[in-house]
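Each chain gets a letter, A, B and C, in the order it is written, and its residues are counted from 1.
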Amino acid sequence: MTSISEQFGREDWSRFSSRQKWQRFAIFAICVLAIAWSISSIEVVWAWVWDAPSQMGDLFKRMYPLDTTNLATILRVLWETVNIATFATAFAVLMSLPVAYLSAQNTTPNRATLWLGRLILVTSRSVNTIIWALLFVAIFGPGVVAGIIAIMFRSIGFIGKLLGEAIEEIDKRPVEALEATGASRFKVIAYAIVPQVMPTFWAVAILRWDINLRESTVLGLVGAGGIGIILQGAIDTFNWPEAATVLLAILALVILGEVVSAFLRRRIL
Amino acid sequence: MLEIKDLVKRYGGGDPVLKNLDLTIEGESVVSIIGSSGAGKSTLLRCINRLVEPTSGSIELNGTELTRLRGRNLRAARRKIGMVFQGFNLVDRLTVMENVQSGRLGYISTWAAILRRYPKEDIRRAYELMERVGIAHYANTRADQLSGGERQRVGVVRALMQNPDILLADEPTASLDPKTSEQIMGLLRDLAGELKLPVLINIHNVAEAKEYTDRIVGMRYGRIIFDHKPARLDQEEMDRIYSGSPHADRNENLREAS
Amino acid sequence: MSETHDTWRKPPFISNPVIRWAVYLVALAYFLWVGATMPIDWGRVAEGFARAGRIFGGAFPPSFERSGLLIDGFLESLKIAVLATAGGVLLSIPIAFMAARNVAPLPIYYFGRFVIILARSFHPVIVAIVFVKAVGFGPFAGMLTLVVYSIGFVAKMLAERIEEIDFGQVEAMRAAGAPFLSTIFYAIFPQIMPRQIGLTIYQLDSNLRASAVVGIVGAGGIGATLANAFGRYDYDFALAITIVIVGVILVSEGLSGQIRKRIA
């Protein structure tokens, strides 16, 4: 009589074959090495790191109680921040339409325009709003114009890319049907393509407005208008109670923005 | 009169899908094209309004040679050819009225098209036609709210709004249930009579073809092998049309060649 | 219907005419009024175009002379991104469990959600200036910033994934008498692992992007190098840095997309 275990002769089991094991081990080792290399070579004053929790605690303690003496100014500049985001989004939406048209394979007139469209998208998307803002502050001087144009430049790539993808994914059958009626290219676009991308258009515009609201809160740090200027001023003068008020105002603004965009999304889509 | 002569269509470098095809359609007859999938029915129809570019041959509609038209002239010719599609091909997010008026896009100005300011006579005609096919009360409804049969009626009205000289219908009933599909076929036949319009219908359902059309064209692998009154279509002819495979057919060609 | 119809209007988007015109008017008034009262110095703007010419003139050709500085800045950005991703993802896992309605008790759930909302609401640059003040200039502030930034995104997405898991597997483990942690390891981790790995790679990519920005306010990395170049009117060096940033971002976006596609 042999027991079942003797018959099959196996008591060991492992989830992965040895090759898989090595692969997993190698990936794991690479991750660990990358982290170890980063920790060992990064230029950090370690004393500050160990000190950080108490410093943070101290900072928050100094923020209390809130200083609301400048609340009126803060709210006025907060309103300016909203305006920057809204204007920039509106302009960006208008300007991204032709870019989306160029960068969608099924509407672009030819290969050269396709690459032109993609070049605009990539340039706009890879440069961060703050870097755009640095550039436009240098050009137009400090103020809301630089901020609006910076956010606009960054948003064109975002909206144009998503819109271009929406154009590429439309149902092609109505397009075929309208071409068969003898309608011109422009009318085919107006009747068969535009209605199909309208929902995406609104969704993307609302989403970008929500993002731009957050982005416009930091423009002031490089002098491009909005609440960031007040925040920087308060922090530079170590006026932490006021800085805390500004931070709370920004938090409220962002949450309000999210509520508004959720409402718009529900109503329009 | 539609006159197709020696029409060849070849996709890429493969076997031609249409092989030296000749077909003439006169007057206001309702003609159906039958044949198994891949016989080239759909390609033939799309060659007529140039949604598919024919490789060689000639297609003449009322004396106009269609195969060499380009740009503005092609669009002008397309206005005179109405088409009804298997998948209806409506713009779902537009109202029925806008879908119907999109048949007039070739005629109206761009501003009128964008602002939806359609000419009074177009609106009147749209209501008449919609009334005729029983969808007038849907004018302000979005197209995606309608049932399949209703959507195809919109498709038919859109094609008729073009004031066409000929109506092409590519499997107009293949996406519909049997009862609705009979209604649409009946409608196409009646409208052809009322508007004195020749109609060319691709169809899978042979019973419907026999009942609703005046003439049946049978296609097999790019050739027309049957072209008579419906009464002549017996079991033997049916077998001839629906038998074989592209592969067998090709072998036949080889035998003929050798 | 016997009378002939020859007019038709597209049904308006907002059917109530009062509300419709009110919305139009408010929108129009907003844009006109805000547009008119915007504090714009038109003289300065008009000058801007000449200035733009000078800046772009000064920026061409891009100067790679100080490429040592550029490479150092980039390596620092990379280190910040790696450490912040590691720390952020590790912290995200417990926070995501706290913020998943189907595994966390209500008070803990609210706490988890609150942490995520807080982390998401502030732009990384704002977080960065606070950290710079608290722990001093340099990469450590940048790292802390991006840890917060990672939590805001990774914990949110992961919590959503946890809420979608098939709970039958958890029940099966519980029915077999498995203890709490074993249940998590056997029934929940296998279900969220693919998403977790994808998110980690994505976050590494976006941390690298963000680290180029937080440097501008003093949190280390290539952003600091760029801000310095801009401040000293070294536009040719600034352009070189920007070109390299764009190039690296494109490469890293492509790479992370490839890897995520391979895994999924």
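Here is the rule we go by: contacts are C-beta pairs under 8 Å (C-beta built on N, C-alpha and C of every residue); 3 or more make two chains touch, one makes a residue touch a chain.
Note that this is a predicted model, so its numbers are computed, not measured.
> Report the chain closest to the protein's overall CA mean, measuring from each chain's own CA mean.
Here the chain at the core of the arrangement is A.
> Measuring between mean CA coordinates, which chain is farthest from subunit A?
Checked the centroid distances; the maximum from subunit A is B.
> As a quick test, compute the distance in whole Å between the mean CA positions of subunit B and subunit C.
Measuring from centre to centre gives 52 Å for this pair.
> Provide the C-alpha centroid distance between subunit A and subunit C, rounded to the nearest whole angstrom.
Using C-alpha averages as centres, the distance is 5 Å.
> Find the geometric centre of each of subunit A and subunit B from their Cα atoms only, then give the gap between the two centres in Å, rounded to an integer.
Roughly 48 Å separates the two chain centres.
> For subunit A, jot down the residues that touch at least 2 other chains.
none
> Could you tell me which residues belong to subunit B and also touch two or more other chains?
Those would be 98.
> What does subunit B use to touch subunit A in their complex?
Per the touch definition, subunit B meets subunit A at residues 49, 51, 74-83, 85, 87, 89-94, 98, 102-103, 105-106, 110, 113-114, 155, 158-159, 162.
> Which residues, counting only subunit B, touch subunit C once they are in their complex?
95, 97-98, 116, 118, 120-121, 123-124, 126-127, 131, 136, 139-140
> Can you tell me which positions in subunit A touch subunit C when the two form their complex?
Residues 31, 34-35, 37-39, 41-45, 48-49, 51-52, 55-56, 59, 83, 86-87, 90, 122-123, 126-128, 130-131, 134-135, 138-141, 143-145, 214-215, 217-218, 221-222, 228, 231-232, 235, 247, 250-251, 254-255.
> Which residues, counting only subunit C, touch subunit B once they are in their complex?
Checking each residue of subunit C against subunit B gives 1, 4-11.
> Under the stated contact criterion, what part of subunit A meets subunit B in this complex?
171, 173-174, 176-184, 186-188, 190-192, 195-196, 198-199
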